[in-house]
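So, here come the structures, one by one.
Shared chain: chain A. Partners: chain B in the first complex, chain C in the second.
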Partner chain A sequence: MTHDEIQSLVFAALELTNQSREDDAQVPISPETALFGKQGHLDSMGLVALLIDIEDMLLDQDIQVSLSDERAMSAANSPFKNVSSLVEHIDKLLSGE
Partner chain B sequence: MQQILVTGASRGLGLSMVEHLLAQGNIVFGCARGQSAFSHKNYHHFEADVSNEEDVSNLFIQIRKSFKYIDVLINNAGVARMNAFALTPFKNMRETIDVNYAGTFMCCQKAISLLRKSANPRIINMSTVAVPMNLEGEAAYAASKSAVESLTRVLAKELSSFNITCNAIGPSPIATDLIRGVGEEKIARLVKQQAIQKMAQPEDVLNLIDFFIKPQSKMITGQIIYLGGIS
Partner chain C sequence: MTVQFLLDKMAELENQQAVAVGSNVITYAELLTKYHAWLKWIKEEQIQPGEVVSIKSDYSADSISLFLALTHNRNIIVPLSNDSKAHFDSFCDIAQNQYDIILGDGPVTLVRTNNQPNHELYQVLRGRNQPGLVLFSSGSTGKSKAIFHDLSQLLNKFTVPRKMMRTLAFLQFDHIGGVNTLLYTLANGGTAVVPAKRTPESVCEAIDTHQVEVLPTSPTFINLLLLSGAADDADLSSLKLITYGTETMPDSTLAAITARFPETKLLQTYGLSEVGILRSKSRDSKSLWVKVGGAEFETKIVDGRLWIKSESAMLGYLNAPSPFDEDGFLDTGDQVEQDGEWIKILGRQSEIINVGGEKVYPAEVESVVLEMEGVEDAAVYSIPHAITGMVVAIEVKLNTEETLSEFKVRMRKHCSSSLQQYKIPRKITLIDNYTHNARFKRMRKRS
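Moving on to the complex of A and B:
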């Protein structure tokens, strides 16, 4: 998958997230959107739900990957900080880095 | 009609659950370490060892591919080796924890995405009266189920935002393979400590499963219900 395809997939997952959120709690669909942590739009269960949705969408394309592996959870710079760091994280996982 | 996964489905209580749920018109997925001699048009058997992460992953991937979602996960797979604590081989303790606790943990985790697609998602775990009774000779077994009880309570909180309820059933002694190795005298002594001094039947467990699965039970979560009046 290309970087752009991964980003589109994350955007699609965020749109799913927004479907179950109130109008005043919508998550902006943008690479700069803060996801988790300081000023993040998601609480821990919101992040879990987003990651599950992304893993699900990847499985639809026969790609099996765990986004919350040990490395991700202990990384000094959380890959879940914002959309672009999440896209980067997925890109690395898929290319086996 | 619901889609229900029962682990440890090839015999004993698990097989009773499968037959009961099929009789209600549900689609049932069963898994066990080996094949199952049981067959039914709405029964789908998978070979998986719940203590093996790869097996568990493959199990859920296969169900997802063919059936999209599940409504209910029943973590029934379990092992019990009664042994005095001082004589319990480390390997047996490890296996007990791996199947009873780690197996339940992994199945719950992998099931989340399939359960989220259900209108009434449920997780039902299996505990035992050996936990509140602190039974001698069951150090590994009771500890593994105690961990299942903690897991049940924590998941009730963590998964409530997905509308998934998580409860556990603690059967008192039932004549199944699991307690085949326990002496009759010990069982009789145990039953005498219950408020209802009778052996339980598989139907008593099935009744609780029906209760937890009901859409009306949406406010029941994090509960451990013991049979026989043990508390």
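Moving on to the complex of A and C:
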């Protein structure tokens, strides 16, 4: 998958999240959107849900991957900080880095 | 003679219906005749007291009368119904049966094995010169355990006369609930009605045809009964009492069944293969609060978990260490809430899901999801997750054409109004089949 395809997939997952969120709790669909941590739009359960949704969408394309393994949790720079860091993280995982 | 009180009762009520299987109805006199024929057969085949005998059969006049005859002969009985067909070999191996009696449509088959059963618990029972019963746990929490009872003690509790009832034999005699239904019925001159199949349609037909008064069943079956609409095509007005047990009742299913059968009393039962079925009383039909006990039972609650001591408890497991504490209490593994003498069963300790330090009981989540339009069945389990330790996962059987994404959105919206965020299932799998086993107990996946 290309970087852009991964980003579209993350956007689609965020749209899915937004569908079950209140109007005043919508997550902006943009690469700069803060996800988890400082000024993040998601709490831990929200992040878990988003990651599982993305994993489900990847599974639809026969890609089996876990986005929240030990390595991600211990990274100095959290891959879940914002949308673009998450896209980077997925890109790395898929290219086997 | 431990079965004498049953035989006396049967002799009194000779023209009364004892067992109805499909359209075939057997009176107590006929059951008694079959019983005597079996006694003669046991003698001819030289089956000795204390020997271990398996019966492969579902409920029928033949299997019930054989069960009584082997009880009289003080055998160790291993009933094996078709519910556990896949495990026949391993169960026989654990029980070390010396005889295998197979009942079917044709003549009886008797197979002698070379087993030499010398389990120490068997020796204890033989020393008492009493009949025994081997039951197997369903294995929903691990491997099946062989539960060994002194059958005379199980029978004792039925010597106190109670109400004569026409009862549906929902579970077979290889399940403590099935044994309980059978013995209660025979001891009180009632009628055991065996449905042709354990489907909602077949059960409703049996209730209608034989004017059944009591339906002992499981919450899962009640859910299917409501979904199937089978109750709409049959006259179930004879039904006075529905009892449910073996698993935690979802609030949503209880609300639906009491609304559908406002005239029928609902009673929660509580029992374990290890200690037998306790006498119970629900606070009212719509309540999950229940009082459990009875003359031969003692209960205590330690750290929110229910412990039971019973005079009719098993002697022990054939294939596991004794689970009793030094005072003879057994940890049921069921987590309960207490309000004076009333308790509410929350679920099994082993099935609690710990999400970031918060406890989730599968039954509570299932109840909320089962309220949703189009959801036929739901079973909650856990998956490990690096962020919260565990997360709640669910398998759902839908009768709608929704995609996974569409259902996710609908389910999350629905759950958000009645469940805390950590209880809402994050991993959702749509499945095609129901999640229950042959005895209509919900089988949750293990992570």
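Here is the rule we go by: the second predicted complex is superposed on the first by the 97 of 97 C-alpha atoms of A that agree within 3 Å, B and C clash if a C-alpha of one lies under 4 Å from a C-alpha of the other, contacts with A are read in each partner's own complex, and residues count from 1 in each chain.
Note that a residue touches a chain if its C-beta (ideal position, glycine included) is under 8 Å from a C-beta of that chain, and two chains touch if they have at least 3 such contacts.
These figures come from a predicted structure and were not determined experimentally.
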Q: Figure out whether A:47 sits in contact with chain B (first) or chain C (second), or with both, or with neither.
A: second
Q.
Let me test your reading of the model: by the given contact rule, A:5 touches which partner, first (chain B), second (chain C), both or neither?
A. neither
Q) Given the touch rule stated above, what does A:73 touch, chain B (first), chain C (second), both, or neither? A) second
Q) First (chain B), second (chain C), both or neither: which does A:56 touch? A) both
Q. Now for A:64: first (chain B), second (chain C), both, or neither, which partner does it touch?
A. first
Q | First, second, both or neither for A:16, with chain B first and chain C second | A | second
Q.
With both structures fitted on chain A, tell me whether chain B or chain C touches more of chain A's residues.
A. C
Q.
Considering only the contact definition stated at the top, list the common interface residues of chain A for chain B and chain C.
A. 45, 48-49, 52-53, 56
(Q) Quick check on the complex: what are the chain A residues that touch chain C? (A) 16, 19-20, 43-49, 51-53, 56, 66, 68-70, 72-73
Q: Quick one: which bits of chain C touch chain A in the complex? Just the residue numbers, please.
A: 355-356, 385-388, 391, 404-405, 408-409, 412-413, 416, 421-422, 424, 426-427
**Q.** Contacting residues of chain A [partner chain B, same complex]
**A.** 45, 48-49, 52-53, 55-56, 59, 64
Q | Residues of chain B defined as touching chain A within the complex | A | 57, 61, 64, 112-113, 116, 158, 161-162
